[in-house]
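Next up, some structures in structure tokens.
Two complexes follow with chain A in common, the first pairing it with chain B and the second with chain C.
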Partner chain A sequence: MTLLRMAFRNLFRQKRRNIFLGAAIALGTAFLIIANSFAHGISHTLVNRIISSVSGHVIVNFAHLGKPMSQMLRGGKHWQDSIAQIPGVIKVEENIGILGRLVGNGKSDNAALMGLNLQGPLSPADSAHLNDDFHFVAGHWSDLRDSTVENPFIMSAARAKYINAQVGDILRVRAQDVHGTFVAARLTLVGIFEPSNLFMESVTLLNIKDIVQLINLDPEDSPSLNIVLENPQKEARLVADRIWDMLQSPWVFIEGAWQHQGQSLGTAFYSGYLSDSSSQELLQKRLVGDFDWSRNQVLISAPWAQEHKLAPGDTLFLEYALRFPQADSTEKLRLVVGGLFKPDSSLPPNLILARDDYFYPQLYGALPQIHPLNSVEISPDFAQILSPEWQITPRVSTTEDMTKVQKDISQGKYQGTAVSVNTMYEGASAIMQLESALQLITFQAVILIFFIILIGVINTLRMTIRERTREIGTMRAIGMQSNQVRKIFLLESALLSFLAAIAGVILAMISMFALSQLTIQAAGNPLGMLLINNHLVFVPTLLSITLFVILIVFITVLTSWFPARKAAQLTPATALRHYD
Partner chain B sequence: MNIVAIEALTKDYSLDSTTVHALRGVDLNIKSGELLSVMGPSGSGKTTLLNIIGCVDTPTSGKVEVAGTDIGSLKDKELTDLRLRKIGFIFQTFNLIPVLNTLENVEFPLLLMKEQSATDIRRKAKDLLHAVGLGDHLHHRPAELSGGQRQRVAIARALVTEPALVLADEPTANLDSATGASILDLMVQMNQSLGTTFLFSTHDPDVQKYAQRIVKIHDGLIQDD
Partner chain C sequence: MKKLFVLLFLMLGGLWAQPTGQALLQKMEDLQKFDTDMHSMVTLTQQKPEQGNKTMRMSFYRRDSDNSFLIHIQSPESDRGNGYLRVDNHMWMYRRNTRAFQHINRDESIGGTNARAHDFETRNLVDTYQVQKNTDGSEKISEEVLGKIPVYKVHIQAIVRDVDYPIKIWWIEKSSNLLLKEEAYSANKTLMHSVFFTQYTQVGKHFMPVKQLFIDEFEKGNKTLMEVKEISTKKIPNHIFTKAHLESLSK
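The block that comes next holds the complex of A and B.
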């Protein structure tokens, strides 16, 4: 206690020197905290505001028939409930975004039409988010609920100005629906907003129920999904992995009644084979006789062909029951035999296979009932050959890999619906990289501070010890042990660094407050996306501040150890004889 | 009973290539309760002798016993403990701790000992400061005191642990003669009232009259006892 009191009073003896050193440590600490809080702020902005409002923490994307613009999974609606059951998932939102051409008053513009989920009552937090994200110049987002106007929509002031539109105007839009057909509709502009961040500037928002109609989405189908998590930083990847596991595709065996020249052939199964070269090579080994791999000719199993005396060139008719019956409850197909193959024992002996680019449009055009065979295990060879109901793409961990998968999709690698599960980390890893760059700055700040402390503390302590040598001698003569001498000096620097670090924390808080008050106009600058409502965002956390303070005190004490030990090891006679 | 027993004590200092023989065979016994003065000119070895007796320096050769302990075999920790419990120091330059006030300076050795309660320590320090005539200056810092007052604080600090021996190296050298005399009077008074053994060094022959016994030292040898 006395030692602490002495250390404290000693600090004020060499005021100028200690204030100088303390100021250096405080500045370093402040820089450290500001850099760290800014880095945190970026991920905060990204994770909690931009990503969750634009794309969710986990994104499940469907590319219908392998087409990236056609985002739907046929018969996939029920997955929304299964995903919502996963622990940590707050909500599963349908993400409907399509590109279209908006025709304004004398001008037209490409527009990204997005659905805003306004079904049911909004939570206060959701409303608050919407109010934060959009500052309405005219109208309001709640006008999207107005059922008396035709397809109400809202857009940013910049876009509205470009196409020369005002609230109340009716514009025409041309877009492609989920089936790839061009559709046209009339949209009513009900709100014009100033976006709070750059992402929002280019979007045109409709009520999700209107856009669902516009793109002709059937109720049993699911558009792409945005999944909002309770604890995104921790759980995004885990939840994505779980969803990916869940969305592994079953096989698809269409069981139906077959006919040839008016004669019934009994029941048999219809499925598809993948047309990529390695799958085709495997199937090649199974061929009986010749086959020219033409798209619109099917392969039938050899035993079944023999049983019914079928040969290439024969025309077959298949009728099967629908999974989601509408006007009709069955679907009829006409298929032409092109060749024969030998199924193995893991497959039914009465199987007909069509090339994937022929099979999938038929499949999705009229989904068959789910057959128990779909979930049986089949041999590794045929597991590579057969086409599953949809095609899940590999899980990736970097933006680079994700881009590769997207490129595969856009280059037509998938004939079925390509299903990808990604987290915001993969999707936004470029921006996340910015955060790690800032973390690197933080790290460099640590190094900088370390050197300030190293040089400053060692020099200051050396001078102090030289000045106080006779005092050390006196204390030693009176009966102070050498380790207590060391303790005095260590306490002194610990105290100095602690007070300086606290001053640094206060300085950082004040600076961050001041910086976040600045209004920064960054329209057109990509860095603008780091701003919220034109303000910088800092997110200091108690944990990291505490850790920094501890770190700084720790470094200082460690650095002081050697000069302090030297002081402690002076023999009392030498120290007493010292005159300065 | 001898509080200090010294036989054939030598102390050499090596300075660059030369060796300084500061003490060249000193024999000296000091009885408990004595007030003894070591007198000699500057450079004669007084400080060296007192330092060795005070266990802040170690002999080159010879045997030194302080309060019944042979100090030749002691480690730094034990020597420090011996100084704390058995020896009080008074320095020519007062050597008070500048960041502590009068009271805290006197309490300091007892706090190092960690044997008594804070209130006991405070009471004891106050009593002693009253006894040396500084009862009105308990909360002054050393810088606010005169030389004589500082030396009184030093005397109180040296006595507060009830040591067997108080060593004073030229305690009056930095004081004017009147103040010096009052300091020596105080030491005599404490020697008589408490029975503490005092050993002080001086180069000033006028100071002789305060001592019961005078040891003259010259060039590291005792000349006259």
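The block that comes next holds the complex of A and C.
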């Protein structure tokens, strides 16, 4: 304690020198904290504010018939309830976004139409979030609930100006529904906003119930899903893995009544085979006779063909019961036999197979009832060949791998509905890498600054020791041990760097507050995506600040070790003999 | 004698009766489906009020037997050398500047025009559309005069969901069964576009529209004129429908 008091008192003996040195350390600390908080702010803005609010913490994406823009799982609505039961899941939101052409007053423009979920009362947090994201020039987001106007929508001021639209105007939109069919609708502009960030500028928002109607989504179908979690950092990957396990698809067999030339053939099963080359090679080994793989014709099992005297070229009619009966309770299909194959014992002997790109449109056109055969164990050979009801893509851990999967989907690898489950961290791993890269650059710059500062520390200590050599001799003469001498110098450095670092933290906080108050007009500038409400975002964390302070004190003490040791090694006689 | 008159009346009545919708669609399809390979030069002239006129000239190779086609753009200069290739169920877009092929889906626009990749595919008409029915169960087919040409006006609707337009009205020339005009509607019956087939040419037993005017009824003022010239039905070698060939054309 005495040493600490002495060290503290010594600091004030060379006030000017220590103030300059402390100021340099404080400036370096402040720069380090500001740069780190800014880098963290970028990823916070992009990941937590933009990506998570647009896509949730976990994203379940559907590409109907392998088409990335047709985001729907036929008959998949019930999965929303199952996912909502997973511990940690706060809510499951439908994510609907389509591209369309908006015709304004004498001008038209491409528009990204998105659904805003306003079903039921919004939580105060959700309302606050919406108020934060949109600053309304006219109207309000709550006007999207107005059922007295036709398809209410809101858009950014810049877009509204481009197409000469004002609140109250009725505009027309042309888009494609989930099946790829063109749809047209009249939309009423009920709100114009200034977006809080660049991403919101191009978005045209409708009430989700209106956009569901616009894209002709059936009540039993599910659009892509955004899942919001209680603790995304901890739970996102676990929940995504669990959803991925849950969404493993069963086989699909359509059981129905078959006819040929007006004669009943009894019941048989209809399914698809994957059209990739390895599946065709496996199936080729089981062919009886020839088969033209390129034609839209079916393969029928040889025993069943023999039983009913069927041959290639015959036309068959299938009638089966629907899973979601509407106007009709059954569906009829017309199929032409192209060849025969030998099924193995794990499959029913009365099986008909079609290539997946021919089978899936028929399947999704009218979903059959779920059959117990869908969950039977199938031999490994046929398990590789047969079509599941939907096709789940592999789980990935980086943005790069995710892009690869998306490329596979757009290149037609999946003929059924491709189902992908990703977390926002996988989707934004490039942003995380950007943050790490920014922090690394900052850290290197700061280390360079500190190297220069530490030369100052060493120099200051050497001068101090030289000035106080006789004093060291006196203290040693009256009984102070050499390690106590060393400690007193180390404590002085530690105290100086600690106080300077604290001053640096305070300076950084004041600077960040001042910088975040500046309004930056970044309309049309890519820098705008780093801003929220035209302000810079800094996100300092207690952990990183504490680590920086410890690091600065540690480096300073380490640097002081050598001059302090030199002072401690002086004998009392040598020190007392010293004259400047 | 009276019986003979009745018989004659019934026979004549049979001759003049309207064809059934299914038969009409089948005839139209048979008339336009090629059983030979085909090569032609296609010119698309697009008129947009905000962008002015854009003319695109392309060489078009087509083989209906295996649904293959190849499009090689020859002008304007900005698009020259670019192309599209369809083999089996795969469709690629080739960009001369990057020398890269990109897998695309059927909805992709051709050279930024209103024409889309699947407009160049053949699709089984009778498996896609059927004639609409009136409330009394009769087919929605009526007789009209289009300009001075007697036509059947046929209301058709899609029987599958993945079509561009679920409802269409066709004006089909009575004497030839050729389509002269089409109006395409969205599901909520908004008129989206009209097409006028102003000129056909006979290729063997089949007919091919060589001048078509597409009018965008939704975004008024947008029009596209498609003209087909230099039609040849010589057999096209297999190597034409390959990526290597499309790439070599742009060198």
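FYI, the second predicted complex is superposed on the first by the 562 of 580 C-alpha atoms of A that agree within 3 Å, B and C clash if a C-alpha of one lies under 4 Å from a C-alpha of the other, contacts with A are read in each partner's own complex, and residues count from 1 in each chain.
As a convention for this text, a residue touches a chain if its C-beta (ideal position, glycine included) is under 8 Å from a C-beta of that chain, and two chains touch if they have at least 3 such contacts.
Just so it is clear, the model here is predicted, and its values are computed rather than measured.
Which of the two partners, first being chain B and second being chain C, lies in contact with A:180: first, second, both, or neither?
second
Going by the contact rule set out at the top, does A:541 touch chain B (first), chain C (second), both, or neither?
A:541 sits against neither chain B nor chain C.
Is A:9 touching anything from chain B or chain C once the two structures are fitted on A? First, second, both or neither.
first
Which of the two partners, first being chain B and second being chain C, lies in contact with A:69: first, second, both, or neither?
The second partner, chain C, only.
Tell me the contact category for A:357 with respect to chain B and chain C: first, second, both or neither.
The second partner, chain C, only.
Which partner does A:294 reach: the first (chain B), the second (chain C), both, or neither?
Only chain C is touched by A:294; chain B is not.
A:571 in the overlay: touching chain B, chain C, both, or neither? Say first, second, both or neither.
Only chain B is touched by A:571; chain C is not.
On chain A, which partner touches more residues: chain B or chain C?
After superposing on chain A, more of chain A is contacted by C.
Could you look at A:478 and tell me whether it touches chain B, chain C, both or neither (first, second, both, neither)?
First partner only.
Which residues, counting only chain C, touch chain A once they are in their complex?
50, 66, 88-90, 103-105, 107, 158, 160-166, 184, 186-188, 190, 192, 218-219
Mind listing the chain A positions that touch chain C in their complex?
Within the complex, chain A contacts chain C at residues 65, 67-69, 101, 103, 107-108, 172, 174, 176-177, 179-185, 216, 275, 294, 357, 361, 365, 410-412.
Which of the residues in chain A come into contact with chain B in the complex?
Checking each residue of chain A against chain B gives 2, 6, 9-10, 13, 470-471, 473-482, 484, 571-573, 576.
Can you name the residues of chain B that touch chain A in the complex?
Chain B residues touching chain A: 51, 54, 56-57, 76-77, 80-81, 83-85, 89, 91, 93, 95, 97-100, 104, 108-109, 111-113, 157, 161.
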